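Here it is, the structure in full.
Order as written gives the chain letters A, B and C; numbering starts at 1 within each chain.
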Amino acid sequence: MSAAPLAHSGLLVRRSILRVARQPANIAFAFAFPLLLLAVNAGGLDAATALPGFPSGSYLTFALAVPFIQGGLFAALTSGQGLGQDIESGFLKRLALTPLTRSSLLAGQLAGSLALGTFQAAVFLAVGLSASAGFAAGIAGVPVLLALSIVITLGFSSVGALVALRTGSGEAVQGMFPLFFVFLFLSSMAMPRDLIQHDWFRTIATYNPVSYLLEAIRSLLISGWDAEALALGFGCAAGIAVLGVTGAALSLRTRMVRT
Amino acid sequence: MSARSRSVALAVAWRGVRLTFTTPALILPMLTFPLFFLAAFAGGISGIERAPGFDFASGYTAFVFVFVLLQSAAFGGVFTGFGIARDFESGFARRLMLAAPRRAAILAGYALSGLARAAATMAVATAAALVGGMQVGGGGVDLFGMYALAFLVNVAATLWAAGVAMRLRTLQAGPLMQVPVFLVLLLAPVYVPLDLLAGWVHALAQVNPMTVLLKAGRGLISGAPADVALAFAIAAALIAAFAAWARGGLRSAEASGA
Amino acid sequence: MSGDSHGTTGGGIEAERLVRVFSGGLRAVDGIDLAVAPGEIYGFLGPNGAGKSTTVLMLTTLLPPTAGSARVGGFDIAREGPKVREVIGAALQEAALDPLLSGRDHMRLQGGLHGLGRRERERRGDELLARVGLAEAADRKVGAYSGGMKRRLDLALALVHRPRILFLDEPTTGLDIQSRTALWEEVVRLAREDGVTVFLTTQYLEEADQLADRLGIIDHGRMVAEGTPAELKAEIGRSAIEAVPAHPSDLPRLAAVLERFGEPTAASPKGAAVRFGDGDDLAAVVRALDAEGIRVATLTVHEPTLDDVFLAKTGRKLEGAGDEPAAEPSAEAPAAELAVEGAGGRR
């Protein structure tokens, strides 16, 4: 009996991954856009490295953390839109008529975006390193970086799934996308928090969990092993993931009512 | 333009304006995105004005305001293109094509509604920047020139997007309208002056017409006009080129029965 | 084609060898000749994909013809497009409405597009909205309108500038019976009272039969028949009569009696049917059956339909005929089969 949920999950995981893989335009955009922005900002904001107190001599190394977050946001969009489409088309109702458990369904839905997010993280790291970005944590830092990236992706994907399950619409998830970007911009994305001139912006960035995600990744790239930054980053990512997964699971219970 | 064509242009423009200003889902993003970018850049990146070699008299808010102004003008044009694509995809464009004796008037109408939307966006962005403490060194004529430049960018972007929209006649053409405009905006002195850009971005920005437009706009707002004539010439050339592009799109739409 | 009495004046339509070829070589319209007199309601009938809408798009200057020519309202469609558009109105297959604008907004827009002054726009808009029964819904967004309301608004918009010629491309597809009837009444009123020439495409036989003064039937891009509904039906066949005996055992005798009056034709399993010969009438049939002492349970007279016309000309039934409420359902299928034989025999 316990093998069934695993088997169900496996089927949906496969479907979820195939679904992502069969949208090459979306995949290309998920890689190209963050890398393009990285390249442009590395050239456009390089002058910032001359500021007293700037933590790195290379803006590329500083900014390399951003694509990992953007990758998570695209993963949120992918999982949310896919689930929204399943609800709109009635596919979720079809699944509800099978012995499929809700946990299997959620796991399966998130799997595709997790796969994409993980692959993205590996690619961003490889591209960054090949462009001479620093990686102070060394080889041991790679699995830590990937693990952090996976937790971030899980968190954002589950938020995307939550929105889809609450609204029943893929379009509503798309409409949330700008909001995700607001969180990214109002953080320490472009400047270290202590070099942000305006108090109000610094305050927002301090309360914004995305800042800690960025700073955790950055710590592996720039300073090596910063326990506090890593703890805060993993903590925020895990917090988002727990909230997201719990919310999505509860919403799924409402959405997929069965007697 | 004949009186009849004027009627068509005004009717199309009226509809576009009415739709935008009575539909929250359309007007809110239009007004809030520029504010957001202004806040993010002026608020979050302003520390860079202390970098060696950064020398701009009117402060960082005014520096990025010019970029936000031109960016919102350009994206406003792309947004107009989305509307044109939607009209063709839904069949509504047929109504316009059927009623207009001279169909170029339809294009003019779309451009007019784009200008009206751009004016609203610019007004809101200006007010927000002033509230945020933006310093303005330029006089009335300088500022007029800066806004005129922005309007010309809006028209050029509208014509570019219209040409794409009328050729492809589907909303799926959206990225094709948007990505080139995005790249042109991005590969320019967005955050810092041209001299402080590094690497290939610097090289590309040197040949990017947007660089000249930004330089002229920033000169005008700070009261130290530079390359203004060149900027207007570039804007005029872009409009001429994209007008021909848009006319070709219109002919393509006519030939296909859209 | 009989173009003599249907020559184009200010409000007519004339097409000569009109052709439209799409990329890939598809000949959607393959040499259409037609002529519509001013003030006439011309029905353009054909199945899905026959080329009706493509023809309309060309005549309304929305699609350039590949070959051939046409004049609408006295103006050449290829060379005088702007002048054509001044004199025509069109309600095309898609209602082409903006869901975020109200009915009144649409009237204002259309009026503005046609150069009406602001006061005239308002007045004309109110008048037309009332005429099509949308006065109360005028300020609601069109996205909330039913299909029938959208069609009515579309018709009103087509009339804003008082066109001399009106193109209606399948105007009642998807409408309920009441909406359809209301639209028919308005079309007839436009033609009879306002003298508007109406070019109406439809796949509904009843609509063509009821409304059109003259019909053109198109199939695979070519005209296969043209004339008044009565002329076309008369070309094809005579009426058929089917009788079902009250006692099934009388069927052979009933069939024998009927055969004295015409050629046998297909009938329902319990009855017999013949095509009337010339000069025969129903009363004679009844008297003959009575004289033989045959009691009849049902006696049905079936007139040829436009579907029979189409079948005779093309060898196929017209699509959409199944959507129509059949006048004599038991006779329709056999009569249609006979129409082929009858037409073949006569010709």
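Keep in mind that, in the parts below, a residue touches a chain if its C-beta (ideal position, glycine included) is under 8 Å from a C-beta of that chain, and two chains touch if they have at least 3 such contacts.
Keep in mind it's a predicted model, so treat the numbers as computed, not measured.
Seen from the Cα centre of chain A, the chain whose own Cα centre is farthest off is C.
Taking the mean of each chain's C-alpha atoms as its centre, the chain lying closest to the overall protein C-alpha centroid is B.
Remark: chain A and chain B have CA centroids separated by 32 Å (rounded to whole angstrom).
Between chain A and chain C the centroid-to-centroid distance comes to 59 Å (mean Cα coordinates, whole Å). Put simply, the C-alpha centre of chain B and that of chain C have 50 angstrom between them. Contact residues on chain B toward chain C in their complex (touch as defined above): 3-4, 7-8, 10-12, 14-15, 18-19, 22-23, 90-102, 254-258.
Within the complex, the chain B residues that touch chain A are 29, 33, 36-37, 39-40, 42-48, 50-54, 186-187, 189-192, 196-202. By the touch criterion given at the top, residues 54, 57, 60-64, 81-83, 85-86, 88, 90, 92, 94-98, 100-101, 105, 108-116, 157 of chain C touch chain B in their complex. Of all residues in chain A, only 36-37, 39-40, 42-48, 50-51, 178, 182, 185-186, 189-191, 195-198, 200-201, 205 touch chain B in the complex they form.
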